[in-house]
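Same chain, two partners: subunit A is paired with subunit B first, then with subunit C.
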Partner chain A sequence: MTEQTPQPDPEPSVLDRMRERLVPDGMPSDDRGRMRMVMDSLILHIHPAKVEVSTLKWTYTWGLGGLAGLLMMILGVTGIILINNYTPSAPQAYLDILELNSNVWFGELIRNLHHWSANLLIVVSVLHLIRVFVTGAYRPPRELNWLIGVAMLLLVIGANFTGYLLPWDQLAYWAITVGTSIISYIPLIGNWLSRLILGGPEVGANTLLNFYSMHISFIPLLIFGLMSYHFWRVRKDGGLTLPKKAESTLDVKPERVTTIPHLVRREFVFAIVWIAIILVFAMLVPAPLEGIANPDMSPNPAKAPWYFMGLQELLLHFHPLFGAIILPGFAILAIFLLPFFDINLASVGVYFRSQRGRSLTLLGIGLALIATPIWILLDEYVLNWNAWLPTWDMLISNGLIPLAVILLPLIFLDEWMHKTFQADTEERVLFIAAFLFIAFIVLTVIGIFFRGPGMSLNWPWAMPVH
Partner chain B sequence: MNNTRTYLIEALIGLGATLIIVTTLGLYMLNESNRINEAQIQVLSAQLDESITLYAENCSVCHGLKGEGIGATPALNNPALVTMAFDDLYKTISRGRFDTAMPAWSKEDGGPLSDYQIEEMIALIQYGDWNVTGERVVNLGFAPLVPFTTDPDPVLLAEVANLPDGLTLQTAIQIFASSCVACHGADGLGSGIAPALNDPLVRAKTTDELTRTITFGNAGTLMAGWNNTLTTDEINAMVTLVQRWDEVPAGIIPAPDIPIPTTAESIALGSNLYTANCSRCHGPEGQGTPRAPSLNVKGLLTSTSDQALQQIITSGVPGTAMPTWGDRMTDAEIQAIVGFIRQWEATAPEVATPVRTGGGGPPWLRSTTATQSTTGSTGQGDVSPALQPIAQQARPLQTLDWRILVLAGAGLSFAFTLIATGFSSLRKKE
Partner chain C sequence: MSETTFPEKNLSRRDVLKIAWAFLGGVALLETAGVFISYLQPRLAEGEFGSIITAGLVDEFPPNSVTHITNGRLYIVRLGDGGFVSIYHRCTHLGCTVPWDQTAQKFICPCHNSQFDQQGLVENPPAPRPLDMFPVIIENGEVKVDTGTILQRNHTKLHR
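Then we have the complex of A and B:
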């Protein structure tokens, strides 16, 4: 016993007790405590306790994965608010959107936030995929996370597509009609699958209910599960990819700092800045809403959602089996299988692999920018394989032949790169991927901005009104 | 130290972003009630706009140009209706009104309107401007459908007086010409919306049945009860006329030849519809093609009335390639096409030269007749761009302006820069 007079312990205030309960050891004051905090926290645990300084450089990842996660969170919160103001039945769905816009405080803002975040998410997800691709970050041991990431990209597109129908306006109705008509081109099961998804022969009340349930339960649940796994996997696979060279040339161990505050602070600042950007954008630019869906009056031209316009454009030039099923199917398959073809670990973490890879990428982009518009113009005004080969099957005259016309020069170019410039497999993959991706972007831009009534080619500033 | 500087910069950026979020949210909230008011006005005006068109297409035939009511049909521009409960209005429109000419309009009850459209109609009754509605009805070409009256042929009417009980027949013919001809047609031969009365089957009906139908109307059809408008004697006279129509000389109640009114709006609509549906066979400017005769020719236009043109388009010409358009377009659309074709009359050539149908192929090899056609000779060149068929408007490769040069120049130079950079660095490596 001490001789000090026993001071009665001051009764801790309610606030103190709350703080005590939340952070039992108090806020950490040293690195050790900060590392502990990361390890003990469920959410912060997606980070290691310490990170290498070089991974903090934001020009390596551009924060794209984190931004995608942030957008998912914004979509989740605004989505839950929107559910409370929505009935998935026609025409009530449209009336609810009108009500939301004209009678609910912050209703329009919430809808705008949801709309623009969803569209931004598609862009960001694709950019994230490209970043991972060009830095070769899908190579062993990260193949599995690449697969999950691609699956999530497809789910994000699915979520956006199902959400597109929900306002039940003309834009939604016809975009979904055009978008889902592609499904019935799948051989054997196409018609059955189309009926299953639409809940009937055409887009109607059942489709709305189907899409609604997919949009608010099935797809978000899958995305949430996969996203958690995706984050966990990043950590498990050793965090961010780093250039091998940097590690080998330095004898000393790379400098490491604690996650709190160095990484977490950056993440918070990044998130707040992006929230501010999205918020201001959503306040200034209202989400589109047209007249109520009218199955008897189709707009001309009827266009799919913007991210499918590349496909719709492709359909104008190919037999549907090729344009809608075979080409996109092979593209997705190739993206899935990439990590199993490209296993050279030497250049992981280096943008575009090497100097030669960089040059080949530039070459691919430049060639695609020139070749795609030329090919579209040729196909629109000159090439007419159907009429030239009337007795041939459409699958050949309008499928295999145009495909050969595109693929043969590409294969020739690829061989040339290989022979003349000694490009290795990864660099050739980079060249082909850059070419095909930019070609797809050009198709999308032409589909969105250059197609007028009857899908005729027009200049955007001289678009005939119909 | 470098570290502190980074920290400061990041903290400042975060603080700035937070301030932006807080202030913009605050400003947005200040404006929110304003925005909601504006949004409500916008929604209402969009609904009113649509409902006026619906009114013109579906309701104006009975309720009149400006909702003033016609004959036995009640007026809608009645202040009492504005205060009527929403549910009552909704039930009346969606399910119809028993024992009157008001049919059920809801799709669920077999009518043409969706629930949403019925709500729009209620918005029209409660908030609409009936003068604007009247203008729209005229613009859409529905004005002639408002019951028109004709004057009975005076010579033939005098002859009727010589028939037994001729005075009764004369009265009835005058009432028919003023109240019934709109629906039951010239000489009682019927129209698209009401059956023929000058018909042996109708004559075979009993006097009681005819009297009852005229007095109380026919529930579920457009036939109104006339007991409030006509006296018992007048109704009896009508029954007599229906029963003895075979004695009345033909042509006594002529069909009026009222030109279909046109507006810039209806002509633009007609022009678009013509381009989309008719120009393939009748030629872009109605010059005709080997598949179908010319329309843009004096002989046809001067001798054919608007009603006849409408009739031909609506029902088609049996035995030719001219299909029935009545089931694909509304009357308003067909009338818009008639108005558009009628425009040509002033400048139509005496003899038309059918164009050859220009096929596909690259534009520089295509026949230019299709696009230039008879412009020079008929003076059609000064049609405003909005009225020109789409096929004649700007197409790529056919027009060159500065934007195309800028776009192509920028795109090509960017692409070539990329390629040149790529190649030069590849060669350097070697």
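Then we have the complex of A and C:
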């Protein structure tokens, strides 16, 4: 018997082999099918195939996480375009921005888009954090995603801060000077660290280069990496938390629908509407730009970027070690640790935990709205620990004493909640958080609108023009 | 019964190798970190702020005067007794440039209203310490300042 050599298949062409790799199951025969295949495989990388109906409700998440993701994308795209018209050296950086605003097609629009998206992202991330907090959505098993979220929020602030210096105008120069000086108050390593970040004793050419490289490589890489993980964890943790009504005993029957089209359609409309809003805003409102940076002349008043104005206001009342390091440090630590001591699974998905939680939140907000301005006025015009205790170290007279003056009533309030209203842990956490957050907002608003030359208190409408 | 025996600690060859590898890995990590941190250290060029600069002739500064030397980021203060003090113009609070207010005879910071007297001592917080100084060198009738050496004064009490 003669061995018969198997007849080789007719050799497939290179094109056929490429197609074979790209679509192993063969192309659907009609156009609709083909479109659908591409879209589906893309979308189902991020989304599960089915989602819970109740989580689609717009008034549960307010679409805030999605909006943050959209803003990230806008920032990435506009940022990469901006690189082409920007030189990170002084004074060229400033001239480049002028050039961008006057001589580059759509240059000003791209800059405005980047600028306003960046600022909106801070607001949206914080609102998203609040949504997750008041619905208790960070409780087991979602602690890790909360931690990742907090890390992303800090990175978003870092991206905003490093970006702020890049236009190299007076606003940028002094805001970054004030912001980075805070670092030198860190005990022991402060001076060394601040020199390392600034690349010298003060903000200068090296600082611009350092910030630029952080802004376009290290920080975006970290953010986009963490963001992918954040999205994946939402799936991994079993999708979103389910919205519930306070004190309702009946369990909503879970009902699942396909992601396409139910979720995707909503996301699409949401994204289109927000892109339109941001675009119109960026066309109408130019990003601020002042004169070129001048290290010999601090403007009066010199203000930090708006998201740090609450901190700057604290700094007017506290020794910098307290105002800039200890208090914010504790606040961030507390936010990180929240999901580990607020763990009542029963109220996950209920806005404000319970009926009582709702009232306590309102109480916290109201108290903060009243107490914070009173404290600021007292500290500005009446209290003067330095003068009353001239021989005491400023760390005590301007640090520990005002801190005690604030903390003692707060501890008393917390006890009162506990005793009088029988508030449990989760409601007390809610109350304290509402109080502190609103107090911070009031500080921020006063810093932005009520501080004039020499950082004196003024009515916004009576502000002297300089 | 009452005798306590310590369990014999057996180190197998595998364990020793494991520890050695972990140790080497740790050293490599530390070295890498060291390289990065040294690489990122501030780079200072000759002749810039940070070197010795000449502020002017001794006679150009009348007693009881304060002169802003902008390229050195400093003030030359000539005291009533003829002595020289050189003060860094950077506020010790959060780094703003502090102008000299001729009428008030004080340094008044525009950022958070810290005030300092002619020698840079704190008259009004929030600044936590006096303005920093540089060493002054008088040579051949010229006033020179070593801007590479920042002298911090660490009193935290008020001077009135």
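Here is the rule we go by: the second predicted complex is superposed on the first by the 412 of 466 C-alpha atoms of A that agree within 3 Å, B and C clash if a C-alpha of one lies under 4 Å from a C-alpha of the other, contacts with A are read in each partner's own complex, and residues count from 1 in each chain.
Methods note: a contact is a pair of C-beta atoms (placed from the backbone, for glycine too) under 8 Å apart; a residue touches a chain by one contact, two chains touch by 3 or more.
Since this is a predicted model, take the numbers as computed values, not measurements.
Of the two partner chains placed by superposition, only subunit C is touched by A:202; subunit B is not. Once the two complexes are overlaid on the shared chain, A:255 sits clear of subunit B and of subunit C alike. In the superposition on chain A, A:265 contacts subunit B only, with no contact to subunit C. Within the superposed three-chain model, A:11 lies out of touch with both subunit B and subunit C [touch as defined at top]. Once the two complexes are laid over each other on the shared chain, residue contacts for A:180 go to subunit C alone; subunit B is not touched. Once the two complexes are laid over each other on the shared chain, residue contacts for A:381 go to subunit B alone; subunit C is not touched. The partner of subunit A that touches more of its residues, comparing subunit B with subunit C, is B. Applying the stated contact rule after C-alpha superposition, one finds that A:455 touches subunit C and leaves subunit B untouched. The intersection of subunit A residues touching subunit B with those touching subunit C, taken from the two complexes, comprises 387, 453, 456.
On the side of subunit A, the complex with subunit B involves touching residues 91, 94-95, 98, 101-103, 105-106, 108-109, 265-266, 268-269, 272-273, 275-276, 279-280, 283, 291-292, 355-356, 358-363, 365-367, 369-370, 373, 377, 381-382, 384, 387, 421, 453, 456-459, 461-462, 464-466. Of all residues in subunit A, those touching subunit C in their complex are 174, 177-178, 180-182, 195-196, 198-203, 206, 210, 295-302, 315-316, 319-320, 386-387, 390-395, 398, 453-456.
Against subunit A, the residues of subunit C that register as touching in their complex are 37, 40-44, 49-50, 68, 70, 73, 89-90, 93-99, 108-113, 125-126, 128, 150, 156-158, 160.
Of all residues in subunit B, only 7, 10-11, 13-14, 17-18, 20-21, 24-25, 28-29, 32, 35-36, 39-40, 42-43, 46, 50, 114-116, 119, 272, 360-363, 386, 390, 393-397, 399, 403-404, 411-412, 414-419, 421-423, 425-426, 429-430 touch subunit A in the complex they form.
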